[in-house]
Structures are given as C-alpha cells and as structure tokens.
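What follows is a set of structures for review.
Shared chain: chain A. Partners: chain B in the first complex, chain C in the second.
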Partner chain A sequence: MTTETVEAPRSARVSRRSTNWEKWAWLYMRGSGVLLIVLIFGHLFTNLIADEGGVKAVDFAFVAGKWASPFWQIWDTLMLWLALIHGSNGMRTIVNDYVSNSTLRRIMLVALLASSIVLIVLGTLVIYTFDPCPSGALQSQLPSFCPAQ
Partner chain B sequence: MWSWVLHRITGVAIYFFLLVHILDSALLRVSPRAYNAVIDTYKQPIMGIGEAALVAAIMFHALNGIRIILIDFWGGGPKRQRLMFWLVLVVWVILMAGFLPRQIGVILSEF
Partner chain C sequence: MSTVLEERPAAADAIQKFTATLMIRRFDPDVDTEPRWQEFSVEMLPTDRVLDALHQIKWEQDGSLTFRRSCAHGVCGSDAMRINGRNRLACKTLMKDLDIEKPVYVEAIKGLPLEKDLVVNMEPFFASFREVQPFLQASSKPDKERLQSVEQRARFDDTTKCILCAACTSSCPVFWTDGQYFGPAAIVNAHRFIFDSRDEASEVRLDILNDKEGVWRCRTTFNCTEACPRGIQVTQAIAEVKAAVLRGRP
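== the complex of A and B ==
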C-alpha cells in the first residue's frame, strides 16, 4: 500500500482582522429588504390606492401636500437611500455573475457606483430644498395652502 | 430555480424603474408645469398597464424576498422552501386581486 503525502495548502490564511464586506453586503440586502417592504407598500398604498383618483390624483400639489409634513420627507428619504443602495448592490452581484471581461466589469461597477451617488445626492436635495409655492407658477397647479400671488 | 430567475428579473426591472422615477421626481424642483407634464403621462391607459406590471413585479420580489430571508435565518426555512414558494404565489395572487380591479377602475375613470 502506498502512502499519500498531502501538501500543506499554499495560500496564506485569510487575515481575521480585515472587514468582511461581502458579509455586510449580504446582511444589508436582508435588513434593507425588511424595511423596504414597509416603506414601499406604504408608498404604493398612499399614492396609488388611498386617494380617490389613484395615480390620477398625483401631481405637484399632491406631493407638496405630502412633503409639508416631515413624516413623509423622512419616509421618502429612507426609501430613496435604502432602495437605491439595495438595487445597486443587487446589480453589482449580477454584473459580477455575467460580465467576465474584467475591464468591462470594472467600467460597469464604477458606472453603477457613480450613478448611485449622483442619484442619492440629487434625490435628497430635491426633498429638502423643495419649494411648494414657487413664484411664477399657475395658482391652479399649486397646493391650496400657497398664498395668492 | 424559477423563483431565483424571477427574483433576479424583477429586481433588475424595479432597479431601472427606480432610476427613471428619481429623475422624474427631480422635476418637482424644476417647476409644477414640468413635473405635471411628465407625471400626466403616467395617467395614460398604456402607462396604467405598465404600473400594474410594476406593482406585480414589486409584490413578487418583496414576497419572495421574505421567503429568502426565512430560508437564511429560520431553522425550519430550508426544509419548507417549496411550500413557502407556493405561499408566495398565493399571497401574490390575493394582493393582485385586490389591486388590479382598483387600478383598472382608475385607468378607465375620468378623474
């Protein structure tokens, strides 16, 4: 009978002190998913179902009415951040799965990151610099609480 | 396998809608006229059908997402994954049965 000699593994042991980013991304997908159920279902209910006109009731004045309350401002901010990061991290997984050319993959991942940062900053600015009664607008398109111009 | 394919396809579809949706909402910062002009297109019948498809995709992704989370964190999850997939479909049908008549009513209404 021959004796097999098993060589010691040649790759170095993974350092235990470095942060396991993939694990945190995995956990994030699940944590944000749970929160998004509440946020998105609430969003769809108030904007498509609760109001008599459904989607036809949505316009500038409708949104201005919602954003007059910090409740909906915070709701929409949380939804924006959680959903966009969840979605782009999911897209990152899919790009890693299907794009085998490493240059192309790198370009796509950078584009994903850049577009997400731009859209998160843009969306947050829109929510907090929103002006419900801009001058020069038609009175009929403004919420009812705007003073007559 | 099919639950995974559907989860992936709905995830990508919702992602691209979200990109557009953030941009159309940014028009709120431009002018009421600009925002209303774009949001009015969402009220066309053809877009009403698109919204129904979007809601259907989100409902499936969310329910199947709960299933994935239960498989990962609940001890009895992996054993019951198939049963939970059928439950996802049943709850999805119930939610859509509630939403579709409402959405069709809105599309046909003269609001």
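== the complex of A and C ==
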C-alpha cells in the first residue's frame, strides 16, 4: 500500500473553545510566584532587618508611617492582590484535584471565590483609606503622634 | 573428566534458591465485593522475576490467578503492575532486587477499573491515547521515504520508546482522582508526533492538549518519570509540550 491510497484518517479537528483559562492560570502562578519572592522578601527586609528595632518596632505608628508613602501603598497592594489570587488559585487547584463530589466541589469553589473577593476588597480599602488620625475622633483614643485637634 | 564431575555439585550449590512470600491483591468479580490480599509462597532462583513468581503460582498453586502478559521481555507492555507500592513491569523486576525478607506486595495498577485480580480495563487509557491523534499526518506523498536529519530524529527520540504499559498514567495522582485527565502516556505519545519534523498536525495536537484536562493538570510530581520502565523522561516531555503550547508551535 502506498501513501497515495491512504486517505487522511480523520476529518480536521474543530477547536471547541476560544479562551483557555487553565493556561492563563498556569502562567499566572509562575509570574506571580516570581514577583512575590521579591515583594515578600523586600517586605520582610524593610520591616524586620532594615529597621533598627526589629520585630518589636512594628506597631501602629510604624504601619501608619509606611502607608503615608504611596510607594509602600502600591507595594502592599501588589502583594495583597498577587498573594491572595495566587493562594486561592492554588486552593482551587487542590479542590479540583481532590474533591470528586461535584456539588461539594461547587460549594467549595464558590466559597473560595467569595472569601478571596471579600479579603481583596477589604484589604485594598484599608490600604487606601487608612487614616491614623481621623478628624472628629476623641483625642484620648488617637495614637500619641497625632497632632492635637 | 572425573574432576569436572566432582565439581558439578559444588557449582549447583552455588546457585542459591530462596523462598519468597508474595501478597497478591485478588479480586474475583463473581465472588468478591471487595479485593482481598492472599499470601503465596514460592521458591525462586536469583534469575527469577516477579513474572516467574506469578507463573509459578498460576501453574503450580492456583490456576485462577489472573494477570496479563504477552512477550514477557519488557517490550509489549502488558504486565505493568504495582509491586511493593511502585508501578513496574513484572517481567523486568527481579525478585532478588526486592526486599524478600518481607512479603512482596503485588496489586493491579491504580486509577483504571479493576476487572479481575491484576487485570484492569485499559480502555479509558487507550481512549485518551487515541484522542491525541498518535499517527503521522503529512500532506506530502513522496515516492520513497520521508527524509529526516539525525538531529531532527533525536528531538523526539526519548518519547518513541513508549510501550503503552500505563505504568506512568496509573501512577499519576491527578489521574487517580480525575479520570478525565489525558495522563502522562497520552502526552508522551503526542510529544512523539508534535516534535517530529515530518508531521504537520502539531498545532492540532497542541490545541487538543491545551485543554482543561490537558497538560495544565500536570502537577510535576514526577511519579510518571519514576514509574516508566523504559526510562522515558516523562515529566520533561510534558513540560516541553507545555512550553510548545505557550509558543503555539513545537
């Protein structure tokens, strides 16, 4: 039998989907992982080593001082978003791998999505609306470094 | 002459026979609801393999023991089984290389429907193999052979070694919980054609494997690479297919 007598064994395959989220999720895990190494170790370095007092110096005033700078606001926002999405996508993978009951899997995935959204929204809100000395508050409840109102 | 005869018994003594215990996971669908472990004792030579032990049991002790084997020399890929918790070919595993102080545990490969004793239904495995179109697709119709350089042939040499024994796929924890996953063997056989310079359907196969149940389900646990009786670098092949999917070409 020569090649001339053999027809193509199958008709051409029709692609089923336009976007494949698994591919992008896989890429995201690698990209965010590399970025998070830099962000997290930078975070630990500035908080614990670069600062003289070490872990004992991390208090309300220290956080207030950091978030007064837009640089650290963006740094922490990036860290929050990347880490939470990275973590919840990892959890999603584990749920997909190990939960064989489809109803239970659905419940867990929805819970995971909801909790991640709540945490990301709340975290972002805190970073950008944080005001250590809100006006109208009682002076006795404010930290000592706030100017007298 | 006489000295030779005198030496013969001494030479025979040098071949140390030993007794080994095998624990085989039996399952008869007509009788059992759950698989059960059964103990057998066999007398082995240092050259005997697990397959020889199974033969000895089937031929001399219990004819109902059921397992697959065809060539018995590591080529046909029929007798992949879980021996002491690791997927291997029974015909390529010497009994003396296992810890024979303890019983040797033999059971069917996991993740595929158990039919009887050490025999599983291989159809889901072959279904995903067929899915990746494991055949040459080329539009050119040369009078003689399709030419290929040594380098082009070497590119996919490793994945041509696959004998479809299912040792890799049935050692994959993702496949255990999700039978829809293509599994390492199907990806290895896709790799064999994706990186073949004579083939023209790489994009189609990359598209097939760029699926929810495709290469992205691989967790790089390396179970497949450890299980492969042919020494194929399975996890590396899967990683190369992943990279090819990202590039959109081999």
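Everything that follows uses one rule, which is that the second predicted complex is superposed on the first by the 120 of 149 C-alpha atoms of A that agree within 3 Å, B and C clash if a C-alpha of one lies under 4 Å from a C-alpha of the other, contacts with A are read in each partner's own complex, and residues count from 1 in each chain.
We adopt the following convention: a contact is a pair of C-beta atoms (placed from the backbone, for glycine too) under 8 Å apart; a residue touches a chain by one contact, two chains touch by 3 or more.
The shown structure was predicted, so the numbers you read here are calculated from the model rather than taken from an experiment.
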Note to self: Contact-wise, after the overlay, does A:Leu142 reach chain B, chain C, both or neither (first, second, both, neither)?
What the structure shows: first
Next item on the list: Considering only touches as defined above, state whether A:Pro134 meets chain B (first), chain C (second), both or neither.
Entry: first
Next item on the list: Could you say whether A:Val110 touches chain B, chain C, both of them, or neither, answering first, second, both or neither?
Entry: neither
Next item on the list: Check the residue A:Val121 against both partner chains and state whether it touches chain B (first), chain C (second), both, or neither.
Entry: neither
Note to self: In the overlaid three-chain picture, which partner chain does A:Leu80 touch, first (chain B) or second (chain C), both, or neither?
What the structure shows: first
Notebook entry, point to check: When the two structures are overlaid on chain A, which partner does A:Ser88 contact: first (chain B), second (chain C), both, or neither?
Noted result: first
Notebook entry, point to check: Which partner does A:Val38 contact after superposing on A: first (chain B), second (chain C), both, neither?
Noted result: neither
Notebook entry, point to check: In this superposed model, does chain C or chain B come into contact with more residues of chain A?
Noted result: B
Margin query: Tell me the contact category for A:Asp59 with respect to chain B and chain C: first, second, both or neither.
Written below: first
Next item on the list: Applying the touch criterion given at the start, work out whether A:Ala50 contacts chain B, chain C, both or neither, answering first, second, both or neither.
Entry: neither
Item checked: chain C-contacting residues of chain A that also contact chain B -> none
Note to self: List the residues on chain A that touch chain B in their complex, please.
What the structure shows: 30, 33-34, 36-37, 40-41, 44, 48-49, 52-61, 63, 80, 83-84, 87-88, 90-91, 94, 115, 119, 122-123, 125-126, 129-131, 134, 136-138, 141-142
Check: Given the complex with chain A, which residues does chain B contribute to the contact?
Finding: 8, 11-12, 14-15, 18-19, 22-23, 25-26, 28-29, 31-33, 35-36, 39-40, 42-43, 48, 51, 55, 58, 62, 65-66, 68-69, 72-73, 99, 102-103, 105-106, 109, 111
Check: Of all residues in chain A, which touch chain C in the complex?
Finding: 2-4, 8-10, 12-13, 15, 20, 22-23, 25-27, 93, 96-98, 100
Next item on the list: Can you check the complex and tell me which residues of chain C touch chain A?
Entry: 133, 135, 137, 141-142, 173-174, 177-178, 204, 207-208, 210-212, 214, 216-217, 219, 242, 245-246
